């Protein structure tokens, strides 16, 4: 059984079909990339998984559950975390606090024990902190730990988003253009991070990315989309050489 | 060479107590494309914002066509012919694509030219024409980026400041964008200041390049000279990286800072 | 040592509305009182003590009023209160005044609660809203043969008093109370309420509304052609401006108050003297409530004088209880006694005619 | 018959709410700030006109005083922005809200100081005139209110949706930074809109003072007008008028048919109901963010 | 400048930065707690009043400052708490049970309100709550048999462990009561902010979409925020009732709601300090103005009510000045002053100059 399954999913915005009868599966443990021209519906696929939109038709299954039965906030409870293409951080909080919010789905304490800050709440806080520190170390964010998000440069924010998603301890990580706005050097870092996330942490990664270097570097399989529908699916090399993909997405020079 | 059209001298800019730009000077000549490279947090965006008047520098001088413009209101800067295509799109989310483009031409009086420019933008980005009545906020990330660039073009600027114009665009469109920029530069001899993470394409296009790190300019030179520098190749162009880093995860530290 | 009394000063307090919806009452009343105190002070005060009149603005809000009382009592340590405005505010203030026995004189509220127990430290100048509306209704019923009476009021103690008075008056006159409408202070349109009252067949309508509202009600009724409906206000509507609304909008509006109008008696010696003194002191024309404030301050001075140089709460209260004089200015006979802490009992029914109040009945 | 009368006078009243609401929406549409002093602006407009026209003050002819007082109100609106609001440019809108609430205190105080606390009526050429058709009576002032409000709403609507400046204002409210990048003089544009809001408040004040009387607390009417604007969907000009009319009409019907003590609840109960079923008002201007 | 070296995660989790800071707050608490010995009854009363406002401010701060839900109607919850407390007391419930219960009941009332309010944002929520506050006024009048209607209710002293606690009779005891409630609420608030719940409030405030993606249930979180906020407001209301001794529907008018919001904005949204600083301004400034009036009067001569409404006018002007001077609230200013001292003499002249800033629409959710 695949970890994530899209079965004939369709989504319309008014007259516009953003996702058109789309089916694909993401296997546990792989890095799965989605590519496609702008407006192909890639982010919309993510938003469907996050339950921000209800599909017009079709099924989405995650780990054997019918994902469409979950509330938007319940998706995280299944162990699905994501980043956003346009960066959606908690602006008026520090990096540390942002990551700690990521721990929210592991909250065991209740309101009363928190208001009284009982030893159990304290223990949980220490635990959260340790987990978060591991991620900070992993992504090299030490220097920004106590910085407010509102003062961070674009590239760092992208990394903080990944860190926050990781803090939830996910099984499936959705990355929406993780390398956009990163320099070549940082993109390389990102590549290794994604590699480690998959290999060491055992997290399945579903990623949208336009940087073909990164895509072919880390992903096992690639789905190419256009106009909401599947264009090609296969290994990075297969997809990159697929004529329709070259035509619609890569351009001849690549 | 001719007198520079835009000169920046010893600019210092702060975010409250944080110094983001530490005495940057650079020149842009008429008809040139100047590219600025730098890791994230280097202060590229801050520099651009300081030029377009969206931020006030605390020290230093910026002159455009002989007039000092540092610290003036942003709309005055635009009226002089400097247009900034910002990082992060910044479209008007509740206005339609068409209305966004109209506002791009806010400073222009000539309706004929506005219509002409609009058609030009639509020819560059046909998807925008298709979506001309869609609210900009519901466009996809890349579509918004196209809109932002198109909107910048609508102002018929003398100089364009482009902050990561290729952000979030598909490889095909990235090629196209750089093609368009090159054409504008060749045909209309439009001056540009370009910040790009896609350093390869940027240096290919540019005449001159500057490298910023931690708020300073640490290197500059003709684009082709920079392209040949080993450090630049390593850190900004990713040349050899594929092979060189395949087996090693450590990074070579930059020699400047 | 009695609080608020030193060798050369007596401190008198007031929690008044200088900026709220009843500022049109509180401001002139305070000015009127100050005319008296300034004159007395200029002449050396009462028994060698000058009077300091400290007025706190409550904006017709309870919390501010309580803050004002706290300041007056605990910081300024006033000797007595004069002309505190607002029924709810006064009643709440009693909580603080009573334990200290601070006298509350001539409050700007004619609610019956102004003399609630313990009564010994409370003195009012005039008859109550209850009596005013009761007498007014009776008069109108007799005069015009009305059969049904109604009320429009603010949902406050002040309104409640007037409704009760109206009902009592209706009962005495042998007619029926048929309908009521309540209104918030910010209400400006009364077409709906008036058509309801018309539907209910109201002949007499008593009004316990803000000043501006009362004017609007009467004007709207005119416009709607409800010329047979008689509107009756109380002392809270008995303002000079109400009579002076341009265009004769308020012509035919009745008000049952407990004092006589100022300007209709402007030729009489006492009002004339007052108008002159007020003009000289403030540079403007007085209105009815300026006269009232003036008169209340005079009462206070009389009592302070009667209390003698040895001023204590007891001596003051005893002195108040001896007061018995004709107040020519407001046209009332003021008597107080150990069991009578209400100065005047008279009710005058007035009507607006040609932009001025005209007295039509007296009881 | 009775109901027709209620409806008509409700509409006239609703137009006054609508006019104040229009002022709220104007400023919101162009700056996303909420001017809580709009009601007090209206009161000020009324008093300024009274001060110019009424015989006990300057006694100018009404038709001369009219443009002068609108000019004064426009200037006041502009100065307010120039001297105070503009200094909060780029700061959180809550700061502006609080500031305008405090400003309301000051305006009320100033008006009381200048014109006193007693209710006053505007002497105007329409006073006392009325139109009758069938058994319905409608004061000339009411007719004026209805006509002026409809024209004004229409005019402002066209201004915002058809003109470049109107578009620029909408843009400036959505993203000040981007507006600057387009070369829109955002601050100047906002100064203009505050001046315009001043004029609209002036118009509302004049019409209100002609219909009834004003005193310095009249501005509290702004609260109800605010509710009206929200019912209409804050940010929509026709919505403001619609909201105003709804509130205006519901009031007389409620006080006619609902028991005393309950009738004044009607406008607010309606507001709650509208918001529960349409959380962004009738003509919603709010969108779900696309991520 | 003091630099704190961190060696242990507890240093970030515990509420104070270091022993020095802890000492400062303890000293502050000691100074306030001994107020009865160095303040006369009047000023003690004013201090009590400021503390009550601060508690109310803390209540609103949870909702507006930390969860981003603007309420212009919290006077309704003050009223609810006040009446609940009194009615319970009148029913013979001892104060130590009635008082906490009053807050809890108010919290439940808050949840009831939150349910329809969940989908509302920004000004829509503001006007929704404002309407509630206006309606509350009417409801109190209509529910006369329970609330005493326009005539209002009165509350004398209460008994705690055999001591009479009464605002007027035993002001010192009452002050201590209020102080202990204030301290307890503050401590609970601090705890909340360093725990997951408080962070989820901030998450909802800053970005609902990503809070959701992190597994924060927006509706539930808002509801809890309403509950806590209203419970605290309920306690403040109960104390307010005891403080004034007499109250009716007008005591908790919508103007109080507005003042509450002004208070936390002027104090500084999103900080506990802000609630206290704001309470000093809104709670004491009017009184201060009427006191200073005497001195002004003394200088310029003339009688004590020179200009009607002057106090409100000046109050308004001062509030305007506060906002202009520091739109981020007094706490922001306080931080700057502190940094100035800490960095002395290494501060830069323009260090706190605001860089130009720009707003974006809030119409996108």
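The chains carry the letters A, B, C, D and E, assigned in the order they are written, with residues numbered from 1 in each.
Criterion: a residue touches a chain if its C-beta (ideal position, glycine included) is under 8 Å from a C-beta of that chain, and two chains touch if they have at least 3 such contacts.
All values reported here derive from a predicted model rather than from experimental measurement.
Participant: State which chains count as neighbours of chain C and simultaneously of chain D.
Facilitator: Both chain C and chain D are touched by E, going by the contact rule given at the top.
Participant: Going only through chains that touch each other, how many steps at minimum separate chain C from chain E?
Facilitator: 1
Participant: Which chains touch each other through the most C-beta pairs?
Facilitator: D-E
Participant: Taking the mean of the CA coordinates per chain, how far is chain A from chain D in Å?
Facilitator: Each chain's C-alpha centroid was found; their separation is 48 Å.
Participant: Where the CA atoms of chain B average out and where those of chain D average out, how many Å apart are those spots?
Facilitator: 44
Participant: How many angstrom lie between the centres of chain D and chain E, each centre taken as the mean Cα position?
Facilitator: Whole-Å distance between the two chain centres: 31.
Participant: Which chain A residues sit where two or more other chains touch them?
Facilitator: Touching at least two other chains: 43, 52, 84-86, 88.
Participant: Among all residues of chain B, which ones touch two or more of the remaining chains?
Facilitator: Expected reply: 15, 54, 93-94, 137-139.
Participant: At least two partner chains per residue is the criterion; list those residues in chain D.
Facilitator: Residues 108-109, 112, 117, 174-175, 177, 180, 216, 223, 261, 264, 285, 287, 289, 291 of chain D touch two or more partner chains.
Participant: Quick one: which chain pairs are touching?
Facilitator: Taking the chains two at a time, the touching pairs are A-B, A-D, A-E, B-D, B-E, C-D, C-E, D-E.
Participant: Residues of chain E touching chain A in their complex?
Facilitator: Residues 9-10, 12-13, 188, 191-192, 194-200, 202-203, 205-207, 209-218, 224, 228, 270 of chain E touch chain A in their complex.
Participant: In the complex, go through chain C and note every residue touching chain D.
Facilitator: 19-21, 23-24, 27, 155, 179-193, 195-196, 199, 211-212, 215-216, 219, 223-225, 239, 241, 245-247, 249, 287
Participant: Taking the touch rule as given, give the residues of chain A at its contact with chain D in the complex, in rising order.
Facilitator: By the definition above, chain A touches chain D via 43, 47, 52, 84-86, 88.
Participant: Can you list the residues on chain B that touch chain A in the complex?
Facilitator: Contact set of chain B toward chain A: 15, 18, 37-42, 45, 87-89, 127, 138-143, 145-146, 164, 167-176, 197, 199, 235-238, 241-242, 245, 249, 251.
Participant: Where on chain A is chain E touching in the complex?
Facilitator: On the chain A side, the touching residues are 50, 52, 71-77, 81-82, 84, 88-93, 96-97, 100-105, 107, 109, 111, 114-117, 121-122, 124-126, 128-130, 133, 164, 168.
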